[in-house]
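Heads up, the next two complexes both have chain A, just with different partners, chain B and then chain C.
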Partner chain A sequence: MLNAIIVMTALALVLGAALGYAAVHFKVEGNPLVEQIDAILPQTQCGQCGFPGCLPYAEAIAAGEAEINLCPPGGDEGARKLADLLGHEFKPLAAEHAVEKPRAVALIDEQTCIGCTLCIQACPVDAIVGSAKQMHTVISDLCTGCELCLPPCPVDCIIMEPLAETVSNWKWKYPVTAIRKVA
Partner chain B sequence: MMANPLRARGGIKPAHHKTESSGQAIRRVPLPARLVVPLRQDSQGTARAIVAVGDKALKGQLIGVPEEARGTAVHAPTSGTVVGIGPYPVPHPSGLDALCVVIEPDGEERQIEHLRLDTARASRDELIAHLQHSGIVGLGGAVFPSHIKLGKGGVDTLVINGAECEPWITCDDRLMREQSGAVLSGARLLARLAGAQRVLIGIEDNKPQAIAAMREATREVVEREAESAVSVSVVSVPARYPAGDARQLIRALTGVEIPYGRRSDAFGIQCFNVGTAHAVHRALDHGEPLTSRIVTVTGNVERPGNYEVLLGTPANELLALCGVRPGTGHVLMGGPMMGFALPRPEVPVVKATNCLIATSQALFPPAEAEQPCIRCGNCARVCPTGLQPFELYWFSRARNLDRVADYHLFDCMECGCCAYVCPAHIPLVDYFRYAKDAIRGRDEERRAADRARARFEFRGFRIEREKAEKAARLAAKAAETRAAQAAAPDGQPDAQALIAAALSRAQAQNGAAAESPPLSPPPES
Partner chain C sequence: MSYFFVILSAVLVNNVVFVRILGLCPFMGVSKKLSTAVGMGAATTFVLTLAAGASYLVDHYLLAPFELDYLRTLSFIVVIAAIVQLTELVIHKTSPLLHQVLGIYLPLITTNCAVLGIPLLNVSLGYGLLESLLFGFGSSLGFTLALVLFASIRERLDGADVPIAFRGMPIALITAGFMSLAFMGFAGLDRFN
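After this line comes the complex of A and B, so read on.
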């Protein structure tokens, strides 16, 4: 009886000490799930999900406060990946969160631009160069197509230019199987 | 010398169909009404046009300069007037248009003065740069710029690829028969530039005349220069598709297997096509840029054969010259195994065009309907790279991109052996091409997303930093005012001192503004 109490107490002390040590020294900073979710999100930082950027949306999903189908740039494909990661049921893109659009980049009409810098402040990835009263231009390689620069422009000189398919970025399509008539 | 005893893996032996076009000597093609020269002529990038509409150009004149160090130059194939620069249909499976320069020949064929290089004396770098400026790319079909392949050096074995394993194509065969001296001379130049001590010319054993011609040329050179630093041997390899793939040929000739993701020069081996060797000889020994190539025209035509064609010649004019028979369907560019159907008949001949085949129902019966895979394993038996095409097919079809990459999809060279033997008529290569492009696209998107995330995070950091800097500035200003107040004897700030302080601040700010105009601070979120 006494032996058992001593053994159990010793075990409890040793394990408790080990757990206490681990809790202090192997503490996980932040939520690893957030990072995994953030890696799936397309990083357009467009805010169409209602959160100010991809990371806040990832945090909201991880906390269970947001649905997984609010991201139009990620599309159904992204929602499917999130569903796989989180073990949720897949849901198609929410209707109020617009339709999937072909990838586009912003283009500033340089004749019309008055150099107000408002679009520069709105761009979440600093892809617009220019300064006060100087013409602005979009670095199209860095533009994520989030459209956040469209509303602030006072002269409506920014348009979204869909990315054209060229010989160098063309991709082979999924083979189409001919349907045979069997009867 | 026979091929290395290393047994070939997989492969198929389709009907050769070589004799249709290999009988006649290479013929020249009359000047077409207009030439459409694409500015993208290598696998690396599009050249920038340096001519304008209305300009006169001479044969061999530079019309496109490479935008970056990896690109190659583009030249006018004949003398004439530039009548258009813009998007025109090009031979590409997408059927999309690409930037081209259109030249209307004046029929005079006036040449530019050729830059004569003293090949014996010129430095290696000079010669390699000259190859780039002469637009020399791999003429086997991959159009990879030769100057990049030669750039690193450190090669001991140079493989010259005269295997020409695809059915129907005979342009390399004819070139070796008729221009063996020029091919050999180009091969020896390439060996010197690559630093190779031995040259192995691999030719399939179904081209005995080409082997004999190359051996004869080699013997002459050996007799002429007994003390040559480079040993050249012509090696006959068993005819088997795809023996002419660079990695397959290197394996057959040297026994070295190049793993995926590595280039052969890491193993001291470099491989060039015989057509490329010929072009190198023309460029270095004669100063001629690459403006024409040998094209096999065969299939459902009256006069199949090999033609020396100016780049930019419309394919339909070339075919018309050979007499297209009735019942011709689409036209294949490249061989029947790896080629593709021309999207439109008028696309121009480019540096990659080694062969044009007019198809007909009799010669190329339409593909039978795809049936379910029965996992017979025939595809795995013929795969020259030792892959399991049925597994690749399974996962490509299911769009399971991670798994298909695990099965070494990128080792696949799309030779088409698997689809050729498939009893279920599955277009396996189409699935693999789709999966490869989908994986590349996905990786590209991921890189773009990572870049965007990094920039977004930096922007947050920048805004915080600007806020902190502004707060520090305001605090310093407040402290200054308080100090001035305290310094004044009657507790009232000295007006003169305050004005002076404000002036100096304004000056400092103006100075800073002149150097770098600060962005106005972003709105508080």
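After this line comes the complex of A and C, so read on.
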């Protein structure tokens, strides 16, 4: 009985020590900056910045390979937060990404839709349902308004419908007053 | 030559999935796509071989001298869990690419009963260290073979005209049954030595 307890304890101790040593010795340094940047990005995964998603864009910013003003869904507000985080000068959205549109969701004209599934494949958030030769429709709660479904549509039956601000979706605006430095 | 038969027996004759009916959960769960099946197979091969060796050492040098045979299952589970965790840490550090390929399959192996079953079988068959390692390696090769074959068939089944009542899991289980029957055909192949 005592043997059993001693042996199991010894086994647990040895394995625990080995794991503890490995956890310290083989620790992988994740870049915390990437996570912070990624937390600011809107996670629409729309690819309008030229990177295949928000995390790759965050990695590129952290490595200093990308400007902070390439993200239209994040808008000026997002660029300002990134500037604060990184200690860069704030830049307005880059010219080719400049048009800041009101938040919109895609809407499929179901009469025109031919059921080609091309927009389903393009949607980064799986907000379009439908199958081949059946009409498709957009789940507007999931749609991030990234407009990636517009170019592949062969019959141009997708329109972007701006979302009116209502009591249920209104959010506090990020304060735009610049903070003055005292002394 | 007997080592060759240990491997042959583990891969074909006593295939861990089709004949010993072990590790069915990943067999049914991770066999929807060929690529994931290969990943799971590779991860299992790695861990199972290590686990077979390590459990032999624990059994032979720790449990046997103190006559603690009844702690075998418990201590093997602890050893396997530690090995899986250790493997993940080491791979994450040394080979990020492999870590990405194996991904979530690595931690999943902890609960694969084949990984516990093979070390226990090693003990009951009275295998030595080298035989244990070979048997573990062979069994995991057999597991990979079963997984890859089954995944390939299931990928084809997706496009097949299956009666509605049999779509999905039922036809997969029937397929697994047929494959098990087919593997019965290897019975006796390891009796030549």
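Going forward, the second predicted complex is superposed on the first by the 137 of 183 C-alpha atoms of A that agree within 3 Å, B and C clash if a C-alpha of one lies under 4 Å from a C-alpha of the other, contacts with A are read in each partner's own complex, and residues count from 1 in each chain.
One rule holds for everything that comes next: contacts are C-beta pairs under 8 Å (C-beta built on N, C-alpha and C of every residue); 3 or more make two chains touch, one makes a residue touch a chain.
Fair warning: this is a prediction, and the values are worked out from it, not measured in the lab.
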Item to complete: Applying the touch criterion given at the start, work out whether A:E35 contacts chain B, chain C, both or neither, answering first, second, both or neither.
Response: neither
Practice prompt. Could you look at A:D84 and tell me whether it touches chain B, chain C, both or neither (first, second, both, neither)?
Written response: neither
Discussion item. By the touch definition at the top of the document, which applies to A:A23: first (chain B), second (chain C), both, or neither?
Written reply: second
Discussion item. Under the stated touch criterion, which partner chain does A:V125 make contact with: chain B (first), chain C (second), both, or neither?
Written reply: first
Practice prompt. Check whether A:L11 is in contact with chain B, with chain C, with both or with neither, and answer first, second, both or neither.
Written response: second
Worksheet item: A:E110 contacts which: chain B (first), chain C (second), both, neither?
Response: neither
Worksheet entry | If touched residues of chain A are counted for chain B and for chain C, the larger one | B
Practice prompt. Would you mind writing out the residues of chain A in touch with chain B in their complex?
Written response: 38, 41-45, 52-54, 117, 120-121, 124-127, 131-132, 142, 144, 165-168, 170-175, 177-178, 180
Worksheet, complete the sentence: Counting only contacts in the complex, chain C reaches chain A at residues 58, 62-63, 66-68, 71, 74-75, 78-79, 82, 85-86, 89-90, 92-94, 96
Worksheet item: chain A touches which residues of chain B in the complex?
Response: 40, 46, 90, 92-94, 96, 98, 369-370, 399, 427, 430-431, 433-434, 436-438, 440-441, 445, 448-453, 455-456, 458-459, 462, 517, 519-520, 522-523, 525
Worksheet item: chain C touches which residues of chain A in the complex?
Response: 3-4, 7-8, 10-12, 15, 18-19, 22-23, 26-28
